[in-house]
Amino acid sequence: MICARSLSFAAGKRKLVDGIDLDLVPGQFIAVVGPNGAGKSTLLRLLTGELKPTSGQVLIGNRELSSFSADQLARRRAVLAQHTALAFPFTALEVVLLGMTVPGLQAEVGNARQVAFTMLERLGLEQLAGQSYTTLSGGERQRVHMARALCQLECSGTPPDETILLVDEPTSSLDIGHQLIVLDELVRQKRRGRSVFAVLHDLNLAAAYADEMVLLAGGKIVAAGPPSEVIQDERLSLAFGCQVCTNRLPAGGIPFLLPQACAAAEVCAVARKSAATYS
Amino acid sequence: MRRLIAGIAALAVVGAGTQVTNGWAAEVVDATGYIVKAEDASRLLSIGGDTTEILYALGYGDQIVAVDTTSQFPPEVSTKRKVGYMRALSTEGVLSTGATLILASAQAGPPEVVKALRASSVPLVLLPDNTGPESLAEKVRLIGRAVGAEAKADELAASLENQLRELANARSRISKPAKAIVVLSVSSGRALVGGRGTTADIMLSLAGATNAAASLNGYKPVSDEALIELAPEAIIAVRRGPDEDTAADIAALPGFKAIGAGDDVPIITMDALYLLGFGPRAPQAASELMAQLYPELPR
Amino acid sequence: MAIESLSLPHAASASSDRHALGWRLLIAGGLVLVLAALVSLSVGPTGLTLSDLPRALLAAYSGSGAPADVHARLVLLEVRLPRTILAAFVGASLAVAGAMMQGLFRNPLADPGLIGVSSGAALAAVATIALGSSFAGPWVRALGIWALPAAAFFGGFVTTIVLMLIARRHGTTAISTLLLAGIALGAIAGALTGLLAYVTDDRELRDLTLWSMGSLAGASWQKVLAITPFALVLLLMTPRLIRALNGLLLGEAEAFYLGIEVESAKLRIVTLTAAAVGAAVAVAGTIGFVGIVVPHLVRLIAGPDHRIVLPASALLGAVLVVVADVAARMIVAPAELPIGIIMAVIGAPVFLHLVIRRGGALSAP
């Protein structure tokens, strides 16, 4: 569906993303994890078409992404960015309705407001529909934007298995309850056939919800595969520059990890090795 | 043949201001060349301080229904309605005065309003610009013709021309003309001085002085340094209102202090409209100025 | 998830109220504008009213007539009518330009003056006034009454082109760069204007001062003809920018994700703004505050959706300037107040209120 082939992006001399090959498949939830500065957000922005790669390509179907016009892209993929600021006092419902700004969209959807409201309901926000966006908490705002992205895809007229939802740290300002609401929704979207690509900072949640995980460090893919393969002591310690301890949950065998307290000397060693490998 | 040429030449000379009298209605060629038919001088609109003064001098003060804001003499004029600044007129405002004849200085504006007024049914006579001493009599005669007071106007014009001749005589007795400048105003530390081509320039030459600022064109702000270079021997401070103390403002400027303003270089204060209006009081103003510049000159 | 009821529950209806309010605002705005226009035609220092309109039309049709009829024709059809039309145009275009700028910069205090369009237009006008009697003389005389308006528009437009060239790098236009470049250009224009003041005559300087305070006194059908192409362009092109403006409110990246061609949209917004402001400045001098006050009020009432904000701003802007113009010619009749002063008297307190209230809801990212 969407694939990256030898994708690279350099800012000045530094390669933020280095030779990435990736495939996003319909009905699959891929979580991208990695330390700060690993290139996760850059990779997302390359896949959305916002950034142009310095080498390599992004293909949608068999066509290069650059050959799509903005509104053609908007019918195939929706993006939830990490921070979205809004300068004017829209109501929550109006923000969701902005998802239909895609040229040509509103004309096709009859009951726009109804759809928008449904999206808010899905994310537990139906009470806030008429409230001003500026009075919402960070977590509520994040979910409103999620509703907007969903609205965009829902009304795009493209069948779900040809659409992609790209999400950048959707759980960053949410409490655990709301984190689960959002992730549940992502899974629901996956089950409808959409391809879901999420940058997540919480490794455990990623392991619990994603079908595939991709570990990024220094702009390169260090590991890719189902969570059980990616969540491994050595690998993660090296990538993140700290000692971790992995294990499995008894029921279901979902892997999880915890940072391990250890002697200062050990910590330094791991950090040094990590820095050397992934500078 | 020679008679024919002479005849044509005479006609050409008489050109500006030709009139065809029909009862009292007059066809007047105004300063821009328009032929204006003036029939009714009962309600006059006067634009320009000099225009207003001339009308009063001709005895038509009562017929004036409205004036512009530059018209400030004689004092009775303060009771008249004001149509605003002469360069910022409004068509409807002017028409609402119910004037039957408009007499306007060359400076009246904006141009679109002048154009619209010409298209209206109210006759508009534009007066000539002040190009030199002869402009004074020209204005008087043109106004006289327009309002039907030719005889009175000729009388006034003759008297003014007389005064100008006397001035010329007085000038011939000046052995050494003084270098003077006319300061219009002082703002943000700079003095606005009258260069050549201004009424100030004309008045200085009438008063027998040379314009120290003749190198400037029009009214220009001058810096302190430039002032020192101009090296005037006398400064004429123009006062626009009774509360203004232009002389003190001038004396306070460092540039003026440097050239000795107030000590070696006398500062003469004169009223703005009186000195620069170039109305019927102009020869008198020039004479006064001359007296102040050359106190020892026999009168 | 099934939708149980057909009507939206209470929480959502607050939004719908605002939505419906928006349409009502448009209708009300339209009616008020017609009313204001009628008042403008009916009120003036000469005391003529609409009841004199039949006489005026008769005189226009027959080409001549009794002096009273000709007088009525002149005042109603040659002075008040073009003046009303121009006032409406100036108000509408300044308000819409302001709304677009605020959408582009995502800041309710953004104003076309900020990106230097007004400064460029003003500089060109000043240059025309200052140099008109010296070396630019022949051209100025040839253009006659059109010299000033043509110059103002040209100046505004050129400034915009220069700005876009400065602010565009690698095909993108950074808005903060645009803003800074606009301020810089404004400063340069101000300096050049000051320089020209040295070249001008005292009279010309006074003309300049008057011009910079704004006035519709020189309104004529010629000027109406001149702005008609601009009005048409604005009428046709602005609605197409509604989606882009809405999307841009979320940020440029988000707008792209929503399918907006951001660079092209920014270019069109800036160009249309330049055209609107240039034309308005050309016929009426500098009139401020309309671009900030009107869109803000509209947003307060009907929300920030540009589908309402743009047309409502146009209507309300037109009403504001038409009414202000009536005040301008009546308060000190038979003289006139410069309309810029009236706008400042109305607009400055509102602007201050905006600045004080700013924070939370109104800060830009």
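Every chain is named by a letter (A, B and C) in the order it is written, and numbering of its residues begins at 1.
Basically, a contact is a pair of C-beta atoms (placed from the backbone, for glycine too) under 8 Å apart; a residue touches a chain by one contact, two chains touch by 3 or more.
Bear in mind that the values here come from a model prediction, so they are computed numbers and not experimental data.
**Q** So which chains count as neighbours of both chain A and chain C?
**A** Chains that touch both chain A and chain C, as defined above, do not exist here.
**Q** Can you name the chain whose C-alpha mean lies closest to the mean of all the C-alpha atoms?
**A** Central chain: C.
**Q** Comparing centres built from CA atoms, which chain ends up most distant from chain C?
**A** A
**Q** Centroid of chain A to centroid of chain C, CA atoms only: how many Å?
**A** Going by mean C-alpha positions, chain A sits 44 Å from chain C.
**Q** Once you find the CA centre of chain A and the CA centre of chain B, what distance in Å lies between them?
**A** Measuring from centre to centre gives 81 Å for this pair.
**Q** Which integer distance in Å separates the CA centroid of chain B from that of chain C?
**A** Here the centre of chain C sits 40 Å away from the centre of chain B.
**Q** What does chain B use to touch chain C in their complex?
**A** It comes out as residues 66, 69, 81-85, 87-97, 107, 109-113, 115-116, 119-121, 184, 192, 218-221.
**Q** Would you mind writing out the residues of chain C in touch with chain A in their complex?
**A** Touch list, chain C to chain A: 1, 3, 8-16, 18, 106-108, 243, 246-247, 249-251, 253-262, 299, 303-305, 360-365.
**Q** Given the complex with chain B, which residues does chain C contribute to the contact?
**A** 44-47, 67, 70-71, 74-75, 78-80, 145, 197-198, 200-203, 206-207, 210, 215, 217-220, 329, 332-336, 338
**Q** Taking the touch rule as given, give the residues of chain A at its contact with chain C in the complex, in rising order.
**A** 45, 48-50, 69-75, 77-79, 81, 84-94, 98-99, 101-103, 105, 113-114, 117-118, 121-122, 126-132, 134, 152
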